[in-house]
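Chain IDs A, B, C, D and E follow the sequence of writing; residue 1 opens each chain.
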């Protein structure tokens, strides 16, 4: 017997009313928000990213804030369009992977039995089969689809990890008394899954979503960079690919090469910060002692 | 001659809303005695225990007071001043501790042998491997566990056995003081009884003093020599078990005693203590029990009561303060009743939303009210 | 007519793995009892003796291996109908309320599900008031983490009462609560039992509250009911060696320390650190029992040792036996 | 299902899935090696006469057999260890191509992974132990590193440290012109200096994950009673940190190790391309670009098997380091 | 027929000033070469396989003759000193060079040559192209100690290039023992060429000087080391860092990226007459079934801008005839002597309007309700083509044609080429030592894929007949050949089956620090491209080490 009455400070599962105060979360959201804004609005203001001109490989100037490519295209315009492309891929991958992982994880863990055995086997298999080679093979097949098809492909290799996490969490939630209590109240299975379990998965889902978005962006970048993304998806990765193809770095055209990579890294770091923030909300022990 | 004196100890958990978990606690622990500390969850019992063993970690810090340890030869140690190597050597040899949940206090991936031997290897580096092994075996014998279990991992032992392993571990260096923080709360009553008897037997054998912490007052009354009742970070009443049971002076103690039905005895009025424990992050003058106290009067919200001798016990309650209540305590309290109806004094204003204590008596067969 | 929940020969077996071998754990083994409206029946027993399993089977959270459950003499109907009549209060008030929903939500749902007619909002407030959570509007809007443990448990009780059940199963409803508020909750259940003519099954470790709050006590050991009878009878005149052990182990400040040390042979049963595995047949307590004989491995008759006081032990087999 | 049976089924299914995916995917890809080779020859200025197509089809064994027959044949060949002939490196057997490149990748991945894991876990341990301390302050920086794409970091490092400062060789597995492959000190030194930058890239961009995971686990573990207890026992801080806190905190990282292998392989692929490292990653890329089914299949299979094998190993190892899993 | 040895290379000026290397060191210096190989080398020295290691063809194994594409009509004897057609082109006799030795010391015999041709004939797997006489060969015989005679079903005049210039002669005494010549890696190659195998590793290998090479005094350099890089950028880096003596890398900014790094030694040659980059319309698909559309597109393109921007200014203006110039200037029909490709958007619109197209509200022409929209397929990552697409898109938009580009993998691209499942793509058309070869490749209806490179899938009876005529005409009859070629030109100009974009830019970079004697504009004795077979070998054996 343990006596507990005091409003628990630590063991509390994150309720919706828990204040979302976390410096990391705010910083991360700010970074992500900036990129979303740039991706959504940027292309409207930037010039035509495909406009080819005679000002080739010009360093940043008033006319071209981020200089030009070897075919005289404006790097900034390309970067803004690529931001949109990369974000699209990241978000589509993130959402799809999360939806699949939710279906597989929650259904399997809640219903149990052979379905669960099957689902977890499936996700374990997808986890151990090396992702990038698989994606390379599949994108090759899906050559025509553009960013969405690419995102679909990347999704295939990125749902398994989140599914495992969500399954584990659902398993633990399923065993909670409040789920049993809902059953005793007479709630139906789907209602329990949707209204009792899902809300408590929100922080985990958010973390997995963010994680999948980073993964999607990084994988797309790698594929595009290797020239395997099946069509210039107009993403940061493909910018890097073209820069690399034109030996941008060895010719000193850092303005072409550095920004896309930096964007990936900064956005990635921003998203990671969001993840940390969520982690800290889930587990307050992770907060820095000083904060 | 006390082996451990605590004077005016205060502990605060830092942070945006600092929690004043222990507030000016003073205690004396005599050599070989069992001192029971009772109190509701969250009243600061464990924090006090951790302060005694110097195990507080940030954000907790001792903000005042002192702890003095007196060894058998009379040498005094300022426990709070110990640092580094000194502190390391002091720990366990002088004050050992048995934790609440043996499941968590034993490392799940290290064998019992290594966890026992670790203590010996650290504090008695001269000891040979063979001697250590022998001593580990002896320790298990001591608590009635088969030596063969040395190679077991914690998950292979039952809850009671784990608790015994912890006790064996506490015995390893013949400490002067053993702090037991709710050592049996997680256990079955039968097993709980076994463990208590085990502790009693070992204490008789080695003569260490025990600080026994639990919220189970009935248990404490049974096993301790002296008792301290904690509420809201303070010790509100202390005395010998017999005196405290016979003549509790603090309304909280009265309420607590009234919360335990007697197993075989007469059936009597039973009531809980309505309301919730105080918020330890608030530092306000006045008695922290006042909002739940049926006998609270105006001064309770303004004056922080100091411990006063009341009969055979010492209680921190303004009802017994002659300057404030020249007429003496409320008759209800004097009769050791804890009901609003019985309370002659002002009814305290309840914290918003707190329920009426109504109905708490219904359904209980009242066999004649207070005992004589 | 008074409502009764009659349980006959209920068993629940779990397949378990013992090292490499599989075996069957008889968590509940041929248990029969009746819960009657307006009465509280206490179920006590050591940890792992099968108390929660019985409750979960009765709450239809677990399927029984065998046995029959009759509600008012009828075999069990659809689960939904059944749940309207049989409700449950869980042990841990922190875990049994969903942190994502308000108190109001927790109470609205069962009202909706079980088609309670009339104003649901009003129903919620009424429930809250019945468990002394006033003002009800304020509490209805709160989230569980904004409540103290006792308040939460009251919400849990209110939820259980929402479908206007006839039977209330309470699995250690106060063991997670602070001592000072336990009594309040138990008193509340007791009051509601009388007001609504509930049949209550009170599962607990605590013999003292069992005695105080119930009219009948059943003592379980190893999946079986080894003793049952009127509360005072069982506590004050325990007949089964296990009940005696349990009773002697319970702390009781009223009993002087020295008196505890009486040597009735139970000490031998306590000294063992390792619990011997449950025997497959015969008396489950046999391996720990100081009075065990070879005969204990055979069929154990249930005998009456007093007015409504029955015990499954050969020590008392001299008395006329009533098979259950 | 029992733990053991579940594991066996898992490995069986994973193996089957790897083998079958491996069979299926290249067949779904458009194009075939003959088309590719003809197109390449044409693009490269030496178009082949019309007769060449048939000859090439004969050579590459482009088959019109029903799929199930091809599948059976494929599985049969696998069972005999035959991976077929590479198209890109025709007529070299795929096994030879893999044998040539695998040691490089294994060496690079092995060293990089070892350094990453040791460094990451070590730093994570220290960061968690002294929360808010100097090591802990590193975390944000490493997060940033982790978010950088492998290949981009590789290129930047290559240009800054290799081309700019000249500290490292630019490409290749060793100094091809300068030293002979063989068990000589010169060769070893050359391999080491060529592997340093690629390994550094892998370490830099993947160390953060390990560090963070370890740090968080460490923080959680530190709050466990058994760590407090170890401290109460008067053990030295070092011992508390290593034997009680880190020992337990490392368990999830170990369990995650095998999973992370897949990611390491992926990262390595891009890194190898950047550094012209003669490993398996680039061989795979070539295979894909040349519709070299046999080579792709072989490499994918090898990678899958390696990851599966590593998983198996971790499963076995886990039983040793976490006694709780031995039963159950 | 032709006589004489290879033209002596003109000594390149300059010479090493850093001359710290003694002449002895120079003589042993191994030149570093990058031929475009990527990934690992696998030991494959079988010249009959599709992808042997670079250098095997030409440097180790030699053809009978060398056809210099850098200079029209320049044919050099190699293992054969002369050839002779008879029987209306159905019999071909080679006279072999005496005194040639295999690198194992055995003499080269007519039997060896006959065996080499026989090998491909007997073994269908070997018949994979450049090394084949084609399946039209009916017999091959050693008809004397230094004479070999081949017989054909059809006149083989136009196949001489393949037979004499692209077929590798191997020693019978070794190859007759090889079980499966199609897959044997031939690990210890024995050839007649100027170089023999030195050391080999998967990363690099060395071909070193053959001391008993038949051309006395050659080669002068000690050998060549072949590198393999995992990407163009790695190679570019190595080249810029001065690590390579010779390569054939495309570098858009070659002056800045390469020459500027060491202007004294870093030289390059732009072999700009090898191929033509075309927009290839699929003539089987709308809208390209309509010649007006092809003509409109043809005049709507500003090729100067495309070459400048997409091809870094390195390509040459193409011509409407689809021939590489100035190589085949002589073959131009008089009426086309001054014809240039026009850039005239107004005319494009006019062509379309005349053909019944009407401009829609969106600015795009349409006919019969169908918008004039073109989708052009391009291989992912081929950046110059992708840039071309972007410019073409802008230029066609101007004249009211919607143009979309679709990037696909090389796999998918090549599959579409074969199946015809594309509307338009961009592709190179290559020729050979004579104008016939390119026309035959891309215009002959017999060469519609999968058989050949007629990607436009054009069928024109006049052209087919003209090509057939050339195949039946002895090359000596240049006038007849010319006339046939000019008949084709008329058709090409009228029908526009391909839309030329640029005439090739193939860069060969070489450093004069360690060797001189590279081909130059004045002395184009072979293509300077190291990967070109057998030109690479011809260049290598003519290089002179710098002391």
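Everything below uses one rule, namely that contacts are C-beta pairs under 8 Å (C-beta built on N, C-alpha and C of every residue); 3 or more make two chains touch, one makes a residue touch a chain.
All figures in this text were calculated on a predicted structure; none of them were measured in a lab.
Touching chain A and chain E together: D. More inter-chain C-beta contacts link the pair A-D than the other of A-D and B-D.
For the pair chain A and chain D, the distance between C-alpha centroids works out to 22 Å. Distance between chain B and chain D, defined via averaged C-alpha coordinates, is recorded as 56 Å. Chain centres here are Cα averages; for chain D and chain E they lie 39 Å apart. Our note on geometry: chain A versus chain B, Cα centroid distance of 50 Å, whole angstroms.
Those residues of chain A in touch with two or more other chains are numbered 1-6, 140, 143, 228, 244, 250, 289. For chain B, the set of residues that touch two or more other chains comprises 40-41, 215, 276-277.
Among the residues of chain E, those in touch with two or more other chains are 237, 409, 411-412.
Residue ranges of chain C in contact with chain A, taken from their complex: 56, 59-61, 79-80, 83-84, 87-88, 90-92, 94-101, 109-110, 113-114, 143-146, 148-150, 156, 159-160, 162-163, 175-179, 181, 205.
Across the interface of their complex, chain C is touched by residues 40-41, 143-146, 158, 160-161, 164, 187-190, 192-194, 197, 215-219, 221-223, 245, 255-256, 258-265, 267, 270-274, 276-277, 352-353, 355-364 of chain B.
Contact residues of chain D toward chain B in the complex are 224-226, 228-236, 239, 243-244, 247-248, 251, 321-324, 327.
Residue ranges on chain D touching chain A, taken from their complex, read 1, 6, 9-10, 13-14, 17-18, 21, 25-26, 28-30, 131-132, 136, 140, 143-144, 146-153, 155-156, 159, 163, 216, 219-220, 223, 258-259, 261-263, 265-267, 269-270, 273, 284-285, 288, 296, 299-300, 303-304, 307-308, 311.
Listing the residues of chain C that touch chain B in their complex gives 46-47, 132-135, 138-139, 148, 150-151, 154, 178-185, 187-188, 190-191, 193-194, 205, 207-209, 211-213, 235-236, 245-255, 257, 260, 270-271, 273-275.
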